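First comes the structure, then the notes that go with it.
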Amino acid sequence: MEISADIHLTRHPDFVLDVEMTVQPQGITALYGSSGSGKSTLLRLLAGLERGTRKDRIEITSGKTVWQSEQIFVPPERRGIGFVFQQQQLFPHLSVQGNLDFALSRQHTEQNLEVNQVYDWLNLHSLLDKEISQLSGGEAQRVAIARVLLNGAKCIFMDEPLGSIDSPSRSRILPYLDRLHRNLQIPMVYVSHSYEEITYLADHLFVLDNGKITSQGSMLELCSSIELNSGEGDAAAVVIQCTVAKHDLDYRLSELDFEGANIFVNAEQYQVGDSLRVRIPAKDVSITTTRPGNSSILNILEVQIVSFEENSGPSVLVRLRRNKQFVLARITKKSLNLLDLQPGQTVYAQIKSVALLMESIDD
Amino acid sequence: MEISADIHLTRHPDFVLDVEMTVQPQGITALYGSSGSGKSTLLRLLAGLERGTRKDRIEITSGKTVWQSEQIFVPPERRGIGFVFQQQQLFPHLSVQGNLDFALSRQHTEQNLEVNQVYDWLNLHSLLDKEISQLSGGEAQRVAIARVLLNGAKCIFMDEPLGSIDSPSRSRILPYLDRLHRNLQIPMVYVSHSYEEITYLADHLFVLDNGKITSQGSMLELCSSIELNSGEGDAAAVVIQCTVAKHDLDYRLSELDFEGANIFVNAEQYQVGDSLRVRIPAKDVSITTTRPGNSSILNILEVQIVSFEENSGPSVLVRLRRNKQFVLARITKKSLNLLDLQPGQTVYAQIKSVALLMESIDD
Amino acid sequence: SAETVRIAVASNFHPTLTKIVQVLSKESDTKYVLISGSTGVLYSQISNGAPFDILMAADKVRPALLDTHGLIEPGSRMTYAVGRLALWVPGSTSPVNKSFLQNLQGNLAIANPEIAPYGVAAKELLRGIDLSKVRLVMGNNVGQTFHFVQTGNAQAGLVALSQVRHSEIDRRLFWPVDEGLHKPIEQQMVTMNQSAGTIEFSAFLITETATNIISNDGYRLPGSREN
Amino acid sequence: MIDPDLVSLTITLKLAAVTTFILFLIGTPLAWWLARTRHVAGFLVEPLVALPIVLPPTVLGFYLLILFSPNSGFGKAWASLTGSTLAFTFEGLVIGSVIYSLPFYVQPLQVAFSGVKQDLLDAAATLGAGPVDRFINIVAPVCRSGFVVAGTLAFAHTVGEFGIVLMIGGNISGETRVLSIALFDHVETLEYGRAHLMAAGLLVFSFTLLLIVYTLNRWQTGRSSSLGSGS
Amino acid sequence: MIDPDLVSLTITLKLAAVTTFILFLIGTPLAWWLARTRHVAGFLVEPLVALPIVLPPTVLGFYLLILFSPNSGFGKAWASLTGSTLAFTFEGLVIGSVIYSLPFYVQPLQVAFSGVKQDLLDAAATLGAGPVDRFINIVAPVCRSGFVVAGTLAFAHTVGEFGIVLMIGGNISGETRVLSIALFDHVETLEYGRAHLMAAGLLVFSFTLLLIVYTLNRWQTGRSSSLGSGS
């Protein structure tokens, strides 16, 4: 299901959404942007929950089907999509079970999804008999996610679904979402203002700013750009592609091949030869000019300095290349000067070992 | 305003809140716990938004005033508290300005708070004329926070207020909240499931698990315990107390004294001699047995190994002592064995420089 | 099967007619159905096609109008009773008579002269009497006028003699108004068709059995003198 | 022989039930439309719906009588279609009651409907529920109290309705003589004992009915909103 | 001389206005209590409020007449307190209309009130708003449509009210002869021309009034809920 949209919509008094985009039929597409940039509005338009007025120009197609044009409007219930709302919208007159049954009895497509497994992932078993008014904030959000998952949508839209979910639940849900779209081939459009969440999840990225798309492309390509990361502070990170080389079962560590170098990580659940994505936060990367020894840091890569971020703060992002892939390091300007780092120079990037995190780790 | 509570409340069918606690009259008290652990319920009881039934035992006092006992019930509007709700509750019939005016005209205490400054901090100027239905999720949450701040409460309760707020706004709001309670001496009770948020903000901590308090105490003391951190994965962190020693304006770095060692951080807005709290994530700390050189890492502390976490995973938390304070390091078991680390051994903790983050940094 | 005859009857005559029909039903197979209402309403309904066979009005105006519009059996219009007015003073300690009217205080209930024939008569009776001390309250029909007095909200009322008789009011508490003091309240009936049942009923109405019931209930019979 | 008052009771209940049912059929979508539309027509239809209340029922009845009469275009058309007239028939009473009770049914329901959050409907739509599905499975249960109040007002109002029925019904025993008219007749013809008995019976019956309906409604509402106010 | 129909119009409007105002004063707290209470009394009061609807107005009027009479305890007490009786006075009409219109005012409002989220009231309370403040500044504006519908039903119903007024009013021109009775009188006395004119006038007047009220309400509601449904 490939969704294309060409939208020009005005929201009184001063917000204009002006977007042309194509949601890839595979993987997770993230809409990223600050508060008020138009993420929810765009998502609601794609879902058919807003129609715009006569003055707006809205054209949305899904594959060869026109969802919205000047003449046509396919209502949301016939678009086969699922939607997790920013403010959860459970039906107050139904119990938790009732809400889930509502979704189950209206599946968009038949899905051989293990209902019990969804309950496991979202830890719902003890909640099924509760009334909606008896749920805590996080519990309600988990029910809302389950409701959409059980609905068998052909594409799932999520508007900041993890805002009120605690980190243990979050780390159970994130890899599940990842698996969901990979195994079931269900594309997802995921709205978030958390760069961290997005680097965990997204395959494709659209960055929205004040109603306009400022960058777009594959996450692997975009994420190492200094522009995208420079505003992110501690969240700055890259995603790299590695292959499983071998497992060390004693230490429960696996050796990954990253452009000829080794990276150690806990990945025992994968097969040797599997291709994995690994996220490296910039602040976890330090630079040495000589190969360090006697350190608890296992991951040391020989890399080449490509460029520096230009800014006035105390720290600086350094873009480092190893063959075709890039990592980012955030270091102080002081270190930059002390070590006298220059573009083109070959240095060692130390990566705090377990700071390497895969989207598929199940804690 | 010191709030004490002794609560035994049963929620049909199977939730029991059994808590005895005292909220310190200064600083930020955090209620931390997973989804459904009873954080919101406790906060609502303290605020007088829930009364319990006759079967429950609820005793709440504020200083010498009894807020709730078997005979007495002071309604929420006379407790002089402010409350930011988990699901924001703006008045739909009023504009943003109307909502803020509602709070301003009902101030609990007179406060010489700069209205415009609150608007600045929360970036509200362009929103004032909007209707509530026209706000994005994050905008609404910012208005809800402003509404409480302008209300001049003697104590502010916040129930996961930052869930739907993007990181730039968050990093503007967090230090402001910090300053607010320090300058205006307004205590805060802050509910969160984000350990990160809590290590940024909290002075005092209550950990709730399934309706019971499992640990409590000052953040500085509690935070270095392995028990508290071992479930937190990447969020594991300690907070340490340092003193500003000198400023290096060229690099915009300041030298902090931490138990006789130097820590470099951007803290130019503070005076030499100021006491600061610094947060050190465990995953940003690596261990070397010899003093490292030629590294971009500026902060290297000589420390003593105290203990290790016992677990079956690939990584391990190491508790390190420097005089009276502690830091945590998360390293792989592989490194632990390779370096042959033992309790009592003296090692070097490398801390990725700018991973040091103070709650008061204004990006 | 037996014929059904629907008789629309002014509310004030309804109790009397019930007695008559009871007697008649013993002698006849015909089923008589009574529909009571105010003459105005019944008139509107007949004008608009109501399935009534006989109308027994409280006045002669509406029957005459139906006559002119050709809605009735020609020549069927006849006066079946002449209503009489009574001054009823429930709380009275002295005998009630004409002079009582002069000294009346408080609420005096009469039927609305604009719609009810008993009201017209009352108005005539009161002409020339000083009413500065009384408050005239009007019932929409003579039935309501009766309620006003009966519930004690009006101290006196000009009601139908038939009503006080029917309610077995103490003889000393009312005065049957002399008929000379107002124009006679002629109650007329018309029939809308010539079925066996209507003919039977019209015939029965002038039998002695029927006329006795009528005069016992406080009506004068047409043609008879005051008694 | 059956007591004619019992016959009147039967007719009354039948009339009230049929009227409420018809109002349920036509008033429900009307209320929904009024609660949701932003179309200009809404501005005109809304006061039109309320209009029957301001005309005294007897007057409304009078105009309906004229409308139903075979002399009017409508009455003629009806007669040629069905072979009978509307005045003085049960069908005529139903039409009159529906018109008169329409606002009492539509307006409380409209208030309830406008309280339904669009967000809930959006959620239902994305779960695959079409408009009718949404209405039946979300709007209706969420607005149950509104339906109870609307239905009760309409039903009770039809039971107590008088003026219209008097005018267009013709007070025909066994056909159009409803309880309210029978009761009125008893008062008018000075049969007070009977009138008191009937009024008391009506009150007890209605009170019991209302008690049951409202208690069920309260109980249901209480169940789903539980004790506290939740989070 | 002033047209007596105009006098009736004035009295009618006055009666409707006073009745609606009194209902506003006593019906509003009653509706709020009914919407919020979990007390058992709510179970009994709720059907009691609805009860006046099922009694035909004329019958209700008849019982009021008995109640107002100096022979009854209430009538005696009233007379000794005020020196006058209630029957055939404007005050009496007001009492009758208030009783009869009570359910039409209370019930739609109750529906509106039960739609007010407790969370909003909680928010207002923690901002320092006491119960009255909360009611006036949160509940009332949020339930504006409910008030409009309740007020309209009560007002319109009093204008069209007929049976009770007929019974307890005594049809005194300039005091208790209201429009509905004047109109009915015209019909009864076959002054159809005048009746048509008056009915038409009443309809146009009411329609205009309702149009204004509902349009203002719609416009306000539209303003605050905007075009889209927001997030």
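For clarity, chains are labelled A, B, C, D and E in written order, and residue numbers in each chain start from 1.
The definition used in the following text is that contacts are C-beta pairs under 8 Å (C-beta built on N, C-alpha and C of every residue); 3 or more make two chains touch, one makes a residue touch a chain.
None of the values given here were measured: they were computed from a predicted structure.
Touch-path distance (fewest steps) from chain C to chain E is 1. Using the mean of the Cα atoms as each chain's centre, the chain most removed from chain D is B. Between the chain pairs C-D and A-D, more C-beta pairs are in contact across A-D.
Mean C-alpha position of chain C lies 36 Å from that of chain D. Note: centroid distance chain A to chain D, computed from Cα atoms, is 55 Å. A separation of 91 Å divides the Cα centre of chain A from that of chain C. In terms of their C-alpha centroids, the spacing between chain A and chain E amounts to 59 Å. Each of residues 41, 44, 147 in chain C touches at least two other chains.
Residues of chain D in contact with two or more other chains: 58, 62, 119, 122, 187, 226, 228-229, 231.
Shown for chain B are the residues in touch with two or more other chains, namely 11, 40-41, 44, 49, 86-87, 134, 136-137.
Taken together, the chain B residues at the contact with chain A in this complex read 11, 13-14, 34-36, 39-41, 86-87, 126, 129, 134, 136-139, 142, 159-160, 163-169, 171, 193-195, 231-235, 248, 251-253, 264, 266, 283-284, 286-290, 292-298, 312-315, 329-337, 339, 350, 352-355, 357, 363. Interface residues of chain B, counted against chain E in their complex, comprise 44, 47-49, 75-78, 80-83, 85, 87, 89-94, 102-103, 106-108, 131-137, 140, 147-148, 151, 153, 157.
On the side of chain D, the complex with chain E involves touching residues 38, 42-44, 46-48, 50-51, 53-59, 62-63, 103-104, 107-108, 110-112, 114-115, 118-119, 122, 145-146, 149, 152-153, 156-157, 159-163, 180-181, 183-184, 187, 195, 199, 202-203, 206-207, 210-211, 213-215, 218, 221-222, 229. Taken in their complex, chain E has these residues touching chain C: 62, 65-66, 68-71, 75, 85, 87-88, 166-167, 170-172, 181, 184-185, 187-190. Those residues of chain D lying in contact with chain A across their complex are 117, 119-120, 122-131, 133, 137-138, 141-142, 144, 223-226, 228-231.
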